[in-house]
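Attaching a single structure in structure tokens format; questions to follow.
Chain nomenclature is as follows: A, B, C and D, assigned in order of appearance, with residue numbering initiated at 1 for each chain independently.
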Amino acid sequence: MTYATQKLYEEKVFKDPVHRYIHVRDRVIWDLIGTREFQRLRRIKQLGTTYLTFHGAEHSRFTHSLGVYEIIRRMVDDVFSGRPEWNNEDRLLALCAGLLHDVGHGPFSHTFEKIFNLDHEEFTRYIIEGNTEINKILKRVGEDFPEKVAAIIAKTSPNKLVTSMISSQIDADRMDYLLRDAYYTGVSYGNFDMERLLRVMRPRPDGIVIKQSGMHAVEHYLISRYQMYWQVYFHPVSRSAEAILTGILKRAKDLHKDGYQFNYVPVHFSSLFEGKIDLEEYVKLDESVLLYYFQAWQEEDDEILRDLCTRFLNRKLFKFVDFKAETDTDQIMLLSKLFEEIGLDPKYYLIRDIMSDEAYDYFRYGEEESKKPILLLLANGEIKEISRRSDLVEGITGKKLTDSKLFYPHDLIYYSQPNDVKKKIIEIIEGMAGNTK
Amino acid sequence: MTYATQKLYEEKVFKDPVHRYIHVRDRVIWDLIGTREFQRLRRIKQLGTTYLTFHGAEHSRFTHSLGVYEIIRRMVDDVFSGRPEWNNEDRLLALCAGLLHDVGHGPFSHTFEKIFNLDHEEFTRYIIEGNTEINKILKRVGEDFPEKVAAIIAKTSPNKLVTSMISSQIDADRMDYLLRDAYYTGVSYGNFDMERLLRVMRPRPDGIVIKQSGMHAVEHYLISRYQMYWQVYFHPVSRSAEAILTGILKRAKDLHKDGYQFNYVPVHFSSLFEGKIDLEEYVKLDESVLLYYFQAWQEEDDEILRDLCTRFLNRKLFKFVDFKAETDTDQIMLLSKLFEEIGLDPKYYLIRDIMSDEAYDYFRYGEEESKKPILLLLANGEIKEISRRSDLVEGITGKKLTDSKLFYPHDLIYYSQPNDVKKKIIEIIEGMAGNTK
Amino acid sequence: MTYATQKLYEEKVFKDPVHRYIHVRDRVIWDLIGTREFQRLRRIKQLGTTYLTFHGAEHSRFTHSLGVYEIIRRMVDDVFSGRPEWNNEDRLLALCAGLLHDVGHGPFSHTFEKIFNLDHEEFTRYIIEGNTEINKILKRVGEDFPEKVAAIIAKTSPNKLVTSMISSQIDADRMDYLLRDAYYTGVSYGNFDMERLLRVMRPRPDGIVIKQSGMHAVEHYLISRYQMYWQVYFHPVSRSAEAILTGILKRAKDLHKDGYQFNYVPVHFSSLFEGKIDLEEYVKLDESVLLYYFQAWQEEDDEILRDLCTRFLNRKLFKFVDFKAETDTDQIMLLSKLFEEIGLDPKYYLIRDIMSDEAYDYFRYGEEESKKPILLLLANGEIKEISRRSDLVEGITGKKLTDSKLFYPHDLIYYSQPNDVKKKIIEIIEGMAGNTK
Amino acid sequence: MTYATQKLYEEKVFKDPVHRYIHVRDRVIWDLIGTREFQRLRRIKQLGTTYLTFHGAEHSRFTHSLGVYEIIRRMVDDVFSGRPEWNNEDRLLALCAGLLHDVGHGPFSHTFEKIFNLDHEEFTRYIIEGNTEINKILKRVGEDFPEKVAAIIAKTSPNKLVTSMISSQIDADRMDYLLRDAYYTGVSYGNFDMERLLRVMRPRPDGIVIKQSGMHAVEHYLISRYQMYWQVYFHPVSRSAEAILTGILKRAKDLHKDGYQFNYVPVHFSSLFEGKIDLEEYVKLDESVLLYYFQAWQEEDDEILRDLCTRFLNRKLFKFVDFKAETDTDQIMLLSKLFEEIGLDPKYYLIRDIMSDEAYDYFRYGEEESKKPILLLLANGEIKEISRRSDLVEGITGKKLTDSKLFYPHDLIYYSQPNDVKKKIIEIIEGMAGNTK
């Protein structure tokens, strides 16, 4: 028996609160889970700063990655297996790509990438193709297997079907995170009927299609996604924490550039600050390392760094108002100036954040893979894009969810000694609040 | 209105997956939650190393503390309120004690305390009575209020009723952790009917009693506890991780004592290593700080420290066999010698661990508060200890659960070059495994 | 203490799978539940023939009525109580109206009313105002109390607020039936967050409004309703059973009119068949009485009655095709003639059924109470109709769900000896199936 | 392909709230479900009179039978399939026996059998082997197949393994009813981890054994059973309703014997009253037929029959006290005489009811199949009876649950004109209540 087809002597089972059990029978999967690069995901939270809004959401990318693997496993072993459109030789490819799809994420990924101009998808590729424990295992399957897995995740693979299982508008990644994030936050909106969805999926060369009888399950799933965006993913309190996190990293980088002498030298960041990072260094970065520095930097001399770190650790977040990109630009410029006048650097203390997403869309010029339409397989064999059959989906198709918020340290303005500038600031902010409600 | 009775303008609500919502209306509670000492609990896991066995169990002591508060709030506001036996002036005392009962826990508490000879209950008292944000808030309620709260938690208060709400065999602490640990691990055994239990609780001067009609709910709760011990709290894989953790801290302490030059100097531990720690230093310690050091120490020169840190982070745990304290002592002594012969220091690589607990007990000489019997309030007003009415409880009363395991690095013995000593070691270990099954 | 304010010595609690517990403290409510007219609801299924599609849906109107009462109780006692807009004198009125809102339902209500030209709302009024056990209890509260309760249910009361609690687009009736029907069918779509909805409801003189922060909970609720219509309430298999039920009752009535001598004389129906029924007779009718007759009539001489009863009891239902009212009328006329040619009376064997509903609508000329818009209470105190704030609701507002099906006995046409007429019938039916898919 | 191995063109799926879905692929199973004898189970409640205590428990034996089938299906297809100890030729036998194991139940089975001296197990055999639709289908599988199925259900089959799947202390029947009754009553105690139990079952020639790693799941299951007995199955309110039901049937039988002229002649009971019933008549009896008569008999001339029927339909039940068989016999004899003195026939109005059961027992002289011990399969291949490994099980093994209650019409004694006899009766009853609490 080759390594690729080797089975464990006894199936291993992980207890999982979302899928009840995660089943591993393949030796390759078991070995991948045991690598240091994969275990590192235990130290990176799935939802970044969201635990500061929903205290239950402390789950890691490790749990999510196992969950995606399990959904893929159920697709291939329980639903696709035996169907002529499914090539069982793609099984291990799909399982590995599902398990590893997020392996390149950094700590507080979203913010981290923005500040250091990184791309977690690139690091996923490096980890799969570079000199890592994961790479060694994948290579035992086949010399070009790492590249194949990486291509699926990068959506550059010719294998459209396996790609769509992991990246499309109804893929294992989204299914797991909606269910999991709903479970850990305690928000009920994310609960759709995954069992049903799996049962109605059918493999086609270009991707998964959904049997017509499952249309309502897809509706439910899309609405769940829509609601989770508004309730959880766009939640302004988590974004406030992100604004502060952004400030910390920005400030540390700026201080480094200016030659500031740290009491706690950020050795783990030194090459990052220089704009170059090697894989080995990257893999050592996780959220405990960041939190360690934030803890230590509460004792730095630099007042801004100190303040922001304390805010983040002790959850003294910024407050926020909605703003309108079209009409409020001047006001924000003015605020920026007034902030400077009272000694608050707007670069760190006045943060604009615009979130946007679409619940579903079926078409776009220059569409990426992830915007592939959801297709229904009708009883007569025909295939139709879902919004042409479902009023509910039609109602949300292409509707862009956008939310623009301005974050600022309410306490420093409202609670401290008032003066004319502060009064002006307050007036502007309350004006924006009044307009937009 | 005094600070003690001040209400928030609008009730604050935390979404909680276990209790659905956690409701805060009291200004004092809101302020306590916002302190740095309480927010620190977000960085300490409720179940220590258990997430290495049950990957979902990544929840923090922060979530548990909120949960205990909420259960106390429901007791006092929904069940006790208005009953003649309940003095509503104890309300805030009970709420604060519930919220703060775990505030002194250190990172990986169990292990940490053992190695550094600390006691989290002592630190809870320091944090409540010392120079902290929490103390300032409690003092605003009343000059002696911090001491009162601390006495409840320390079980030295004359107020037996409030004490029993937080520390007894059927208290808010246990109720929350059983439900919460069951939820996050995904193990179903911990689910008892808390709603029902709350409804049948009645306040008495000496503690809570349970209406007879709730006897079956108590049975269910006790059985849940019994099962959670075997399924989760005694799980050998988590204890293996603890054995390694113990080794790391022990080794670092020993190295420090021996004057070893660390590449990554454990500044956060310096006074701990000296056997003296002040409150300010303690409060800075959390699990991200420990994990940071473990990360860094993978690059130390000391081979043992390096190996153990790598094992912990990458989950290369020890394996285990059951042993019998009475009969296997000689064998273990012999193993110890053989380990030394093959260059494995048994101090770090051969770890005995004995866990024991009782599901329920109604009496003990020198009993602590936490062993107070569970009392039923019969329809005729009489009070009876529960095991005299319930066959099920009688069946488990006083039954000590004990589990003795010996942990060792299976990989270093089985997978490396065999020799006579190793063969002997294997023979002894397999003998023990054979005997005890 | 008056009867109206009398409390039970100890609160009574009903275990309920949907709301966990139903709490009764008011003597009036307890007495109403004990009446024969209310107990009769145990023998009338909440979802009529739906149990023939979803086997779990065997729950009665009794359980639903208790559920509506409990939701009203939570509104008044947990949410409205103490608010200036809420007049606590309306409490008992709301509770009684909630409990009794369905008390006039007959067996297999929908079909029954159609055939005998009855109206369950009228019977609800008769039962509340007539010579019944319920009336006697309500009269003890106040001479005009029965009329007040009846007026709320009939939506003729000047008390708009209490009316809207029971009949509006977001009322206790709908909330209970969506959750309950979802629970008993096992369909997950009906699960919205009722706790959240209750918490954001605010009483206003004209009806309930919803705090803006609860908008997403309303969206979830409306979508649940939309999905339950398609998945459960419009399910063609239940409608097929209803088509047969309709046939049975029609046939029995026709036979009676024609002077047919029944072997099992339908004494319970005699006045119904004459088009006049008195209250006492009506109250004796329940689903076990109907099922008894269907059982007995399997041995009648009349072949149609016999066949239809056997079909209903043994679930040998009709099959169906979609039809389009605009284009298929001629085809159906033709089918009707062809059915006659092969000896199938189309009156009983070729049944058109058109279902339609709206998920939500905010306005209509001549709107009834039940079409009152759902209103959001914005942070600034303004009130806005929900579809102006929610894209999701806007997407479904006013969208009429319509489903037209033609039912026929597939077995009698396809499985028996074929002939030219049958072939023609099959051709037409398959043509319709082809067109509409 | 033979009929026995014929598969449906597309798998049929029933939505089930307990098992999510029930899957049918075998043509034989599909055909059996469609028979009139099986559909009749929709009109027989799973828990008899329990819906008068737990209003949600209105589910039928139809749903339970499908559930048992599904559990068997999962055993054979997901767990046993492919194991050398499992003979796949027994698959259909096991599925059919699971589906049909309760098919002989009469209306309100327990009471009904007692009064008419019937045995539902005997009727199950008649229905399977007699001239029925079910028999015809089973015969198409094999001439002796009906007998084989009947033998499994009757526990007379040489096939111990299949027998144990349906009748043992850990069988599909019990697993389904515990989960289902918990779901429909809303009582949480019945929830054990069936998924886990299924995964650890292993087929052996003499019956199922449980892998040692599943011991705690078995404990949980046994405790669930223990608790469901006390909370639901022994509930005195349901037994009060049964006492009345018993009275009705007894009275009707006695009246018939005495030549009483019924206004509503119980034609369906005529041969039953004579002590002889044929299969065809039996199959027509269901709970709607009984309820029809109870409805009608509210207008009989006989006062006792009238009163009892009204009590049953309108839930005016008897009250109860505990009694001790050893000490209270004389008291009950005396009560009996006093009842007669005030004109209450003790035969119908003073009812002793003793319930008893064992949570688990491992051995008994003359043990039936259903007392087969639960066996653990140890890691070393040895097999051990469970109570030797589990303290928890040991604690309840062989413990007989017994509950003796005396039922009487409290209203007729306490609320009507008092006299000396009534006072004496009250004194005796309250004495018994005092003693036993």
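What we mean here is this: contacts are C-beta pairs under 8 Å (C-beta built on N, C-alpha and C of every residue); 3 or more make two chains touch, one makes a residue touch a chain.
Here is each chain with its UniProt name: A, B, C, D = HD domain-containing protein.
Remember, it's a predicted structure, so these values are computed and weren't measured experimentally.
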Chain pair with more C-beta contacts, B-C versus C-D: C-D
Most remote chain, CA-based centroid, reference being chain C: B
Distance from the mean Cα position of chain C to that of chain A, given in whole angstrom: 44
Separation of chain C from chain D, taking each centre as the mean of its C-alpha atoms, in whole Å: 32
Between chain B and chain C, centroid-to-centroid distance (C-alpha), Å: 52
Touching two or more other chains - residues of chain B: 20
Contact footprint of chain D on chain C as seen in their complex: 14-18, 20, 34-36, 39-40, 42-43, 51, 54-56, 58-60, 62-63, 66, 183-187, 284, 286-292, 295, 310, 313-316
Complex interface listing, chain A residues touching chain D: 13, 20-21, 195, 199
Complex contacts: residues of chain A adjacent to chain C: 188-189, 191-193, 216, 219-220, 223, 226-227, 230-231, 378-380, 391-392, 394-396, 399, 401, 434, 437
